[in-house]
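Presented sequentially are two complexes of chain A, the first with chain B as partner and the second with chain C.
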Partner chain A sequence: MLSIIITLIFSVILASVLGIALGYFKVKFNVEKDPRVAELEGILPGVNCGGCGYPGCSGYAEALAKGIAPVNLCSPGGKSVSDAIAATLGVNAVSTEPVVAMLLCQGTKDVAKDRGTYVGIKTCRGAKISAGGTKTCAYGCAGFGDCVAVCQFDALTMGSDGLPHVDYLKCTGCGMCVQECPQQLFVLVPKSRKGSLVLCSNRTTAKASVIKACKTGCIKCEACVRACPEHCISMVNGIPVTDYSKCTSCGICVEKCPTKCYQLIQKTIPQI
Partner chain B sequence: MRKATFKGGIHPPENKELSAHIPIEQVNSIKKVVIPLNQHFGAPIKPLVAVGDTVKRGQKIADSQDRMTVPLHASISGTVKKIEAHLLVNNMEGPAIFIESNDSNEEEFLPILDPFACSKDEAIARIREAGIIGIGGAGFPAYVKLAPPPDKPIEYVIANAAECEPYLTIDERTMEESPDDVVDGLTIAMHIVKAKHGIIGLEDNKQHLVPILEKAIERKNTSLGFDIKIVLLKTKYPQGGEKMLITAVTGREVPSGKLPMDVACVVSNVGTLKAISEAFRKGRTVVDTALTVSGRACSTPKNLFVPVGTVVQDLIGSVIEVKENEVCRIVMGGPMMGPAVPSAVVPLQKNTSGVLFLNADEAQHYAEGSCIRCGRCMRACSCRLSPALLNRALSINDLDEAVAIGVLDCIECGSCSFVCPAHIQLVQRFRIGKQRVRIKMQKEAQRATK
Partner chain C sequence: MNLIKIFLSAFLIDNIVLMKFLALCPFVGMSTDVNKSIGMGLAVTFVTVLATSVTYPLYYLVLVPFNLKFLQILVFILVIASLVQLVEFFLKKNVPGLYASMGIYLTLITTNCAILGVTFNNISYKFNFIEAIVYATGTALGFMLALVLMAGIRERLRSSPVPKFLQGTPIIFAATSLLAVAFMGFANLIK
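On to the complex of A and B.
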């Protein structure tokens, strides 16, 4: 009986001493934590895709609370998330246009030649570093699917034709594939955009090399530049670029292109 | 004589007997060249000639005012046909100047300059103007090496005569045939950086060169009195790596992320030293590439002086014979570090030290296995890193850990991949890792500036 009472008394004394110490230390060594961080983390989707450029959603939330990151970086969350963030932080909402990633290469196994037998490790970046890619075209898709590996939304799949295919309904426009691709073949295109786009990234100054390398490469003939009735196509860095403020989606450039590099964006991306 | 060396390294089959006995041959029959604009390590340069211009051998055809640039010179006399992109040695596309010969053999070089009578600035300007880059490796501009900041005095100028890459024999032949030029270049470099000691680091498989070089040093020293000595090194790959060579001959270690000048050393390949000598004594600009053509799929192994920009394909048939059906892989440079190219259409650069036509036996390729944790890569690593741990960190994309283990110190010598019993392609993974680390650092720097 006595031992039970001694144990009880001892436990009570120990508990109260520790409790007081804990309470004291909580006040003494209190770390100021921005309550908004937890709130912001709740708002963000929590997929940790890294598209904003910060290490995951919590990293972005901290940067937002510190006020060093713009509110519209979360593309998977889209407009609703950026509005909610803006409301939490008490800043003006910034309009965010939903975007999707598009692959600017049509060099499938059949139309683009291989440069040789690549025996290195099977990643696009490895092929780029050691062999300059796997295709004769120095700008083409290597086809090992580095982009597929980084996509957190299952929006990219490696096709049997040797090119990755974007599921535009699943793509959130986070831009991880844009950053990952060593050939920089992906671009983010606003979903609402209408007009023509060249699906080739070959920026070489040697025109003849394109013809040898790929059947659907831009051969810099500039037929599109001459044919456009609105004069909205110009050559930038060796690739024709459309001025979307003028483009009427007439489709003349799509018809005139001898190697079928052109495509109308609205025909590729399903419109909402 | 003491045989100096470093810790780690490997002993690949040397295969130097194929071409070591063959004198260097000057090739003059080249009809067209494709001269890549940016052969040096540094900022890009711009062409000074336009399409249709007539140029003479030795004439300057491209230059820039930026730091870390060296000018480029026409390697044959003829007409500029076009300036456009071409596939280069590193398998990337880059701008190049195409010149077609007019068979005139006219030459336009610089006036002769006495390196010991002119000022230091004049001498540095001459080395830049001659277009000299370090031909042993990355193509680092020679004039930058010889003009260190004033707070970094230089004690040693080391002539890198190790030539540790298998097959390559061009440095060996250069020393055998023109030892005076090499020693002269060494004394000029020593004079420019005011170094007290000059060292020629020679692997002991080239011992027969010691008396030849000693005689050349004696001839030189009767007039000037420089302290030049020959240090014999153990034959081991990568003995010719800059940092390994410094450790072997001086006992100093270049700290991580620092340059040889931080330990008061300048290392130059013997070919670079010869070019420096010729730039002063003959006024010659760099117009020829010195290289070894070898490999068991090449029936005529040779040591050659070829105009810079010669397309390898143009040499086949006229200068060298290749067993077409046996060629399994074409490697530009040495087999350990040189890149394999898809076909012989690439042009030779100033710093291309070899073209190897390897047959199926030499270019064996094995499928990758799993790491069995034997630790052979750690014993072979010339930088004393732990390739196995690095590989593990990189396989889970842990870049911070990889940097902590030292991925950025890797010199990509390939020793670890060579000894790996599981045939893991370690070096390629480290190169990817290094690129990822650099991209990450750039992003962080960008965000910090915002």
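On to the complex of A and C.
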């Protein structure tokens, strides 16, 4: 009986001493936290995609509260989030144009030949490092879906044709796939952009090697440059580039291209 | 000489993870990459030594005189948990840099069984205070060694063709058991 009472007394004393000590030190060592950080974290989507350049949404929230980050970096959240952040911080929102990621490669299994049988690590980066890619075209998509794995929004799926397909309604333009792709095949394109875009990233100037590697590669014939009535296409680093301030979406380059590299952006991305 | 013996036996021969099979949860959870495992190992080392230096006198100065040895588990868990909380408050306020690198691990190890195991072993092996501290350091560093080794193995595992039914945690336990067999080689290191 005595030992039960002693145990009881001892436990109560121990618990209260520890409890009071912890409570005291919690107040004593209290760190003032900026209340806006929690509020901003609530506004941000919380997907931690890292598209803003900060480590996760809480990192961006802290940078915002300190006033060192612009309010429009969150592309998944889009305009509604940047407006809400601006309202919280009491600054004017700068409108951002929504962008989506486009794949600049049409080298499906049927049109672009494999260099051989690749047996190494089944990731695009592994293939790039060990064998320089899997296709005869050194610039082509390796097709292991590193971009699909990194996409936080389920916007990318690996097609049976060996290329990733972008769901433009789900894509938020966070740019994770752009950073991840070892061949740098993705570009961010404003959703509202109109004009033509060449869907090939082969930058070799040797025409014969492109013809050998891929049926839909840009063979540097420059037919598009000559055909364009607005003279808005020029060759940059071996790839035709359109000047969107002049392009009228006439579609002549799309028709003239012998390997069907060209496409009008407004036909690919659904316009809302 | 005796201290070196205690340290080596805690560090290698009776490695807490690979020979005693304690602290397997943080071992599997935190050995995903080398930097993380070093951070966790340092935090565990710090807390183990601290817990030993608090629980050891508490046992001999309070529990033994009042004849309350049977309360050992309850008291040790309570004291260790609140100690870790206190250290966390302190670091957050005074050493924010260290808190940022160690803070998330600190909360994880409040009820780490390796730490509780060390404090119990200190009593049951009848160590004196210095020996207890050396034993705690050795055990915690042994934990860190196992964690870093496992992190290295897991980096290789990630790019290896693992059969589907073994993917994830099962292959890690299989690798751990092989590592434990390797550690059995240390058994006769000290005569």
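One rule holds in what follows: the second predicted complex is superposed on the first by the 244 of 272 C-alpha atoms of A that agree within 3 Å, B and C clash if a C-alpha of one lies under 4 Å from a C-alpha of the other, contacts with A are read in each partner's own complex, and residues count from 1 in each chain.
Please note the rule applied: a residue touches a chain if its C-beta (ideal position, glycine included) is under 8 Å from a C-beta of that chain, and two chains touch if they have at least 3 such contacts.
Please read these numbers as outputs of a predicted model, since none were measured by experiment.
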Exercise for the section: Based on the superposed arrangement, let me know which partner A:Lys215 touches: chain B (first), chain C (second), both, or neither? Expected result: neither
Have a look at where A:Phe25 lands relative to chain B and chain C in the superposition and call it first, second, both or neither.
second
Self-check item: Touching partner for A:Ala138 - first (chain B), second (chain C), both, neither
Solution: first
Tell me which partner A:Lys194 touches in the superposition: chain B (first), chain C (second), both or neither. neither
Is A:Ile121 in contact with chain B, with chain C, with both, or with neither (first, second, both, neither)?
both
Does chain B (first) or chain C (second) touch A:Ile129, or do both, or does neither? first
### Query
After lining up the shared chain so the two structures overlap, which partner does A:Ala206 touch, if you call chain B first and chain C second: first, second, both or neither?
first
- Message: Let me test your reading of the model: by the given contact rule, A:Arg36 touches which partner, first (chain B), second (chain C), both or neither?
- Response: neither
Residue overlap on chain A between the chain B interface and the chain C interface 121, 126
The residues of chain A that touch chain C in their complex are 3, 6-7, 10-11, 14-15, 18, 21-22, 25-26, 28-31, 121, 126
Within the complex, chain A is touched by chain C residues 66-68, 71, 74-75, 78-79, 82, 85-86, 89-90, 92-94, 159
As the complex stands, chain B meets chain A at residues 84-87, 90-93, 95, 339-340, 342-343, 365, 368, 425, 428-429, 431-432, 435-436, 443, 447, 450
Touching chain B in the complex, chain A uses residues 53, 68, 115-116, 119-121, 123, 125-126, 129-133, 136, 138, 204-206, 209
